[in-house]
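First the structure, then my questions, so here it is.
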Amino acid sequence: MIALPLWIVPAAPLVLLALLLVPQARPALRALVPLAPLPALAAALASPAPAPVTLDWLMLGTELALTDTARPFLGFTAALWALAGWQALRLLRDAPGRDRFLACFLLAMTGNLGLLVAQDIAAFYSFFAAMSLASWGLVLQGGGAAQVFAGRVYIGFAVTGELALFAGLSLGAFATGETRLAAMAGPEVPALATALMAAGLLVKLGAVPLHLWLPLAHAAAPAPASAVLSGAMLKAGLFGLMTVLPLGSAALPGAAAGLAAMALAGLVLAPALGLVQAEAKAVLAYSSIGQMSLMALGLAAGLAAPAAWPLLGPAVLLLAVHHAFAKAALFLGVPAVWSTAPGALRAALLAALALLALALAGLPATSGAIAKTALKEALEAAPAGWQVWLGTALFAASLGTALLMLRALWLLADAPQKPDTAGDVALPWLGATGLVLAAPWLLPGGAAAAPDPADLVPPGLAAALALAALALVRSFGLRLAPPKAGELLGLFEAAPRPAPVLALPPPPRRGRTLVVRRGRGAVARPERGALAILGVAAALALVMALAPAGPAPVSAPPAPVTGEG
Amino acid sequence: MTPDLIYPAAGAGLIGLALWRLATCGDTLRRIMALNVLAVGIAMLMLAAGRETLMLAAGRETSTLAAGRDTLTRAAGQDTPQTAGAGFLQAAADPVPQAFVLTGIVVLVAVTAALMALAERLGARDGD
Amino acid sequence: MSPVVLFDAALALGVLGCAALALTLRDRTGTVAAFMLTGLLVALSWLRLGAPDVALAEAAIGAGLTGALFLRGARRLGPLRARPPAPAQAAAAALGAAVLSAALLWAFATAPAESLYPPRVAAALEDSGVSNPVTAVLLNFRAWDTLLEIAVLVVALLLVMTLSPPRVIPDKLGALVQPFARIVVPVAVLVAGHLLWQGAEAPGGAFQAGAVLAGAGLALVLGGVRVDRRVLRRALTALALAGLAVFTLAALASQAVTGALLGYPDGQAKAWIIAIEGALTLSIAATLCLLFTGYGRRSAR
Amino acid sequence: MTELLPLAILMTSLGVAPAILAMPDDWSRLRTAVNLAAAALKLGLVAWLSLSVAQGAEFGLGLEIAPGLALELKADALSVLFLALSSVLWLLTTLYAVGYLEGGTDRSRFFGFFSLCVAATVGIAMAGNLFTFVVFFELLTLATWPLVVHRGSAEAHRAGRIYLVYTLGGGLALTLGAAWLYALAGAVPFAPRGVLGDLPQTHPVAVTAIFVLLIAGVGVKAALVPLHGWLPVSMVAPAPVSALLHAVAVVKSGAYGIMRIVYDVYGVETMQGLGLAAPLAALAGATILWGSFRALRQDDLKKRLAYSTVSQVSYITLGVALISPLAAVGGLAHLIHQGIMKITLFLAAGNFAEGRGVKTVSGMDGMGRLMPGATLAFTVGALGMIGVPPLAGFISKWYLGAGGLDAGQPAVIALLAGSGLMNAAYFLPILYRAWFRDPPADAVPKRRIGWMLAVPPAVTAGFVLAAGLLANAPFSPLGWTRFIVSLEYL
Amino acid sequence: MVTETSLLVTLPFLAALAAAAAPRAAATLGMAATLANAGFAALLARALLADGARETSLGGWEAPLGITLRADGLAALMIGMTALVGSAVALQAMGRPAPGRPAPAGGFWPLWLATLGAMNALFLSDDLFNLYVTFEILGLSAVGLTALTGSRRALRAAFDYLSAGLAGSLLLLLGVALAYAEAGRVDLAAVPALVETMRGRIALALVLAGLAVKAALFPLHFWMPAAHANAAPPASALLSALVVKTALYVALRLSLEGGAGIAPARAALAVAGSGAMLWGAWNALRAERLKLLVAHSTVAQIGLIALALGVAGNPADSTLWQAAALLMLSHALAKAAMFLAAGRIAEELGHDRISGLNRTELRPGAAEFAFAIAAVSLIGLPPTAGFVGKWVLIEGLIAREAWIWVALVMTGTVLSAAYLSRVVSRCLRGGPHVAPGARRPAWHMGDVAALGLAVGALALGLASALPFALLETTLT
């Protein structure tokens, strides 16, 4: 493989973005958008990892390198960006803000790819900020009321998360005295710094208390954007946490417990809230929250037992890769379904999607199963106290996912056809599905694991529960009133401010000039002047006569001796 | 009242009178007249002070008068000094204040003429 | 109380009384008459104070010319219409005046008054070129004061020329004016010449001579001599300005010769002084005449 | 000959001002030529100066005014920093002003006083002692007042009156303080690490009172909280005036004044000894928060930018007040960064007003589509202000944060984060409206934006990017500030 | 060999006479004499800087008997000031349209030259009686200048000015008489002797009262605003900038001679000065006409200078009086420029109401700019000489912990900024005079003079080392 310079990874989309600014070149370059992440993909797959690059003139001395954990991330991120880019081109061919969307898309791509290879704080933070701010543009695409509300919530969370990360990074940089990112995991970094950095990244990961923006954003954003948002960007948060937290080097029992609590809350809440959603993409979003909580649980375990991290790491990684591809494929599938009228073709598509959903739910002989079993074995090595509820948590996760998948498929089934979506939208989806299905053979040592009957139970139970619920609905004629999107925040939505009634301009202020209109000048009476002279002469004579020679100058303010004409 | 208090008193009186009049009347002519009276008062005080020095030196022949008379006689070739009128023509005072007063008088007449010219140009109407 | 003291007291009271009258009478001509009387009495008091030169000048200029100016002014300014001042102001003025005059009296009475000048004047009188100490002071020791004094006269003339008040056209006075002038003018010219020459030794000098000549001039004008002929007025103006020019040029010449401004070459001091005094007399006379007769084109009444 | 360089730099604008003032109004081509030539010449000289100062050369020349009183011009590292900023931005703003005022009245008067302002700023930068600083500081007031009232409307004059009251009041306080210091300490040259010698020990109360007076005098122009009233009001001035003056020349000379007083008159030890650093930092912090808070509710675009200037300039004061080399680097760098960012915003705002007649934030809908170039520049400036990393703002905030920690004040980090949040809160809605809202149906262009109006904001936006990206390059603002601080603190 | 001092005092009088005699050639003669006088002033200054102060006794007679002309730093500075302002004002007078036929006595020129001669004589004089005579010449010629326009108000003002001036001079003469009675001599060397006894101090008090009238110091300034406002522009420039300064100069001379003993007089001067500042500023704020505003600002600035003289303290131990001298110099330049500019504005617009400055379509730009620079110098903002003067003053005051006076100087500055910005902001205000149709009058000799003086005030700010060096050679 040719030795690719590492700086090409973030540079390719950036250059394309710069070229896009030139109006004349736009039509030609638009087609290149899906190809922009390919150099990154090549770099990820290149057998001799590209050599690290240091540019000390760039910002505070930038260092780019591809670590082992970063390679898989870079791989699936680049692939996802390519597929999403392809579908975005097709889906938004004649959307009004298309160029603006593409610009934001490219900038987010730069950020996402860049932060995976950045080794120093400034570069990492720059790419992180570029990614989160640009994706604000993705969410706002379409300009509807939902998009506006989702955008406001998203930018709120994003900026807060960024500032928390900034504060954490600067505290850490000051404590360690150097600007390398890896140093942030060092022992002398204060707990506050780690906490702040973790908070910033957890916002991006979508862990439970900080997840409020995620369902809104995914529902509002166009499908390819949602695919990239949940597929690649959430993982960026995960990657950040894996570099920043002292996984495998120090035990942080307190932090581990907190992280575990958040993960478990996510595992439980996600399916509960997801089921009641009215929108397919929202349901998928909640399933992402569930999956990400699972990975967070892995991290928590790693924190609790650093010794277990060598096992847990790859497992979490595997889970991440699997979830990225599966969730992206599902999201890409949504427009494919919309483009078909209810009928045979839609049924076929739904069947394929069902296959994907089952893979995600961890059906044996699929990549999902492999990932889940890897995680299960890794969690064995978790500290003793955790064993008891780890098993139930895994079971709940897979059950929840299965239920959510069914709900999503159900919603997709009777979704109205959107005639304007182009026919060939499905192609990138097919590519993604192919990758997911081929995963067991691609991943090393995947196929060998024997199917374990216990894995069958969750999907089966989910199917049974679904049928029971369906029957109930049919018999009692319950109509499910879907709540408004963004459950808690919906309450805060500000009523639009009433347009100001036409206010009259303030009355002109009368000029405050100091000129007081005096009457005709008082007739100058010369004798008053002479009286003044007489008075002053007499007074001065008295002062000079009586005052002894050389007193300190009189400091009392003046009192004019006589009236003045 | 020792003799040498009369003229200072008169001078001071004139000054007081003039200043009082200046400070109480606005008529142009009267103000000019008051200023002239003031100047005369000052001249009187000055000359009184000038003679005062001479009176103190009364004991000895006043140097100025004698010197003045000697040169006079020498010029006129006579040997006996012409004695001025006994009581009436007093011994000559200090000449410098006399010069000052003389200059003062001439200056005063010039300024009075100017004041009168201005007053007349201002016209008789506003004599308030 | 020797008769001299009595005379002095009477004279002082006379002066004060006339001055008070001059300042308080409501009738214009009355005030002018009182003022001229004050002038004469003051001239007498200068004699008593041993200042004959000043007495002469006071009589000629102080009483005579100023009186004439006031008469002209009184005629043109019309009746006196003074608004009485506010009582508070009058009281303050009276109090202030009283305080000031009392202080002055006390100061002058108790002043030690040992002047430095008599011994120095006596010592320097020898080479001052004149024997009359007053003329010596005026034209030699403090000649610069005199030069500036002439400048005052010239500037006053310039001011009057700029304002150009209406000229004095005397109305037909009684039959006595012409004969009076016919007698007075030649006598005045003689007296002026004598005063000028005698100034070196005895009381007299440029100012007194000039004043007398001016008196003569006034007599001529009042006698009906028409001054509005352009040639005469321009000649008089030139003469008036010439005085200061001569004096200044003499000063500069003296510095060229002796190195000190107004330092007459020793030995010729008397000649320089007499020359200067001659020019001054003529110019003072012309100036005082012009100051009285005014410059206007056509005269209002 | 080289020691005449500071004088030459000063004369390029001081000498040009009367010539332009005398020019009749319609000689616009000659006037523009003279203006731009002078600006370019100044740029060249400043470059030469900075090169030689980098190699350690020192420039200085003095003119004895009165016994014990001298006008001194001295070009050291700190002065070159401010000099470079004002001369670069003057060239751009002159270009912009020429385009902006096409067809306006009184242009000779405008450009005459415009170059007089820059002359005053250059004078302030190169002042060698406190007296010269006071002289040029007052000259700046006089030169800027006619520009504020340039439009001649009653509103402009009300603003002018308020401006005059504030700045003259400040000037009086400064003069009083400086005279008092001269009375106590004789001549007060600017020398690294302060010149007060044993004065703080012998007259602690007097020295503190003088410090309060000096900072009050200078604080008016640095828009510290109680004295910032004039800045939003004088936004009535034409755009180039508010761009160069109220974003760069006037406000920065206030901050520069604080720097000179803290570093070169009092010196770091005296500041700590008398406990003056903490209150100043607190005041700066209060200004930062207050400025951002007030900016939130301003609907008028330039007023919002003005309040943001009030808060951003106090970053510099904060950097100076936190006694630590890192904070100093942050403060000094922010002097440059805030300048280029704020001038980009003001020039873009000027373009919006001129091009579309849009003066308020609510009118900014769809501006991205109507005037993409200006909005892009505005976006770069705004993001820089918030402190988004690749741009200049992030660098200075980063160092300020580090400096805060170094000075043992972790609250600084919270302050920076808080104000960053508020910055986002008042800048992002503008960006949102510009990019993601559709333009009003009846949007009609008011005036064609020539290249003279379009290029300057683009160039300054480029500077913002470059200052951020190339921060570590030797000649970047950050590099130069490190060079200065190494002199000041070692 | 004829020295500069003697030429300085005699040449102007000769020129005045020549101008009076030949009215048609008055302008050229006057201008030539003024420039020659400026040349001699420069020569005198150079000679002083070279070999210090010198005294020439007139007629070779020594001090008490004769009169000596003392040419030292302070005198040379004042003569230089008079020459500089005089030449600029003469330039303006040259440019004025000659009336139908030349005024009867040559009008402006002889009177101006007489004023110049009188001032030179006054600055050089070292004798109280001589001062009285020079004050008389100055009074008369200044009144002549005031009455030049011949308008009713000007004549009224001239009469009041002359009568007040005469009263002041007579007070001065009374003081001289008492001084003679007390110390037996009238030259300035008598002042230290006078200061000891009570009578001597009363004499000095009377002299100072006379000077206060002449300098239009606060309680006695009633005659000045009308006179300065109604005179012709060159005349009012001369009156405000130079004539009122002479009395302040003599007061400074007395303070120098009197040393510590005259402290009560200095205190009174300071009190009156601060009163003048406040009263002048209050009236200026309420003035409706431009020239009246400038005249009231003269009252205020005279107050500031008097205050500076008053608080200067005993000249033996502090050089603060030099700040007062510099303030006099800078005020002269700035005030002359301001009056010339105000005159030009009134001439062009036909009126000088402040509210009407921007109502006509005519825009005397140069005059307004000169007015603005002069205003800057009067307020005392850098880089003008006014600022340097105020800075040195404040520095000296602070060194002596005289906080009340510092506060007063500051208040004066603020008030002057207030009333002067009324006018300058009016010129910048919108209106027909800035509309595209507005036309600018052609450059006029008056504009050149006004701008020259204003720039002079600026340049003096930078070059104020020269006046300070000159002041060092003053004999105290």
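General observations
Labels A, B, C, D and E are assigned to the chains in the order they are written; within every chain, residues are numbered from 1.
The criterion applied here is as follows: contacts are C-beta pairs under 8 Å (C-beta built on N, C-alpha and C of every residue); 3 or more make two chains touch, one makes a residue touch a chain.
Predicted model only: the values in this text are computed from it and were never measured.
Ranked by distance of CA centroids from chain E, the top chain is A.
Closest to the protein's overall CA centre, chain by chain, comes D.
Across all inter-chain contacts, the pair with the most C-beta pairs is B-C. Put simply, the chain farthest from chain C by mean CA position is A.
Inter-chain centre distance (chain C to chain E, centres taken as mean C-alpha positions): 32 Å.
Spacing of chain A relative to chain E, judged by their CA centroids, is 77 angstrom. Between chain A and chain D, the centres computed from C-alpha atoms are 36 Å apart.
Distance between chain centres (mean CA atoms), chain A to chain C: 108 Å.
Multi-chain contact residues, meaning those touching two or more other chains, occur in chain A at positions 526-528, 530-531, 533-535, 537, 541, 545, 562.
For chain B, residues touching at least two other chains, in rising order: 15, 19, 22-26, 28, 31-32, 45, 49-50, 52-53, 96-97, 100, 103, 107, 110-111, 114, 118-119, 121, 128. Chain D has residues 154 in contact with two or more other chains. Working note: touching chain pairs come out as A-B, A-C, A-D, A-E, B-C, B-E, C-E, D-E.
Interface residues of chain C facing chain B in the complex, by the touch rule stated above, are 4-5, 8-9, 12, 15-16, 19-20, 22-24, 28, 31, 35, 38-39, 42, 45-54, 57-58, 61-62, 65-66, 69-70, 72-74, 76-83, 85, 89-90, 92-94, 96-98, 100-102, 104-105, 108-109, 111, 113-115, 117-119, 121-122, 125, 131-134, 136-138, 142, 145-146, 149, 152-153, 155-156, 159-160, 163, 165-166, 201-202, 207, 284, 288, 291-292, 294. Interface residues of chain A, counted against chain D in their complex, comprise 21, 56-61, 97, 100, 122, 125-126, 129-130, 133, 137, 140, 143, 151, 155, 159-160, 163-164, 166-167, 170-171, 173-174, 511.
Residue ranges of chain D in contact with chain E, taken from their complex: 21, 24, 63-67, 69, 71, 105-106, 131, 134-136, 138-139, 141-142, 146, 149-154, 156-157, 160-161, 164, 168-169, 171-172, 175-176, 179-180, 182-183. Contact residues on chain B toward chain A in their complex (touch as defined above): 19, 22-26, 31, 128.
Across the interface of their complex, chain E is touched by residues 103-104, 107-108, 110-117, 120-121, 124, 140-145, 148-149, 151-152, 154-156, 158-159, 161-164, 237-238, 241, 244-245, 248-249, 251-252, 254-256, 258-264, 295 of chain C.
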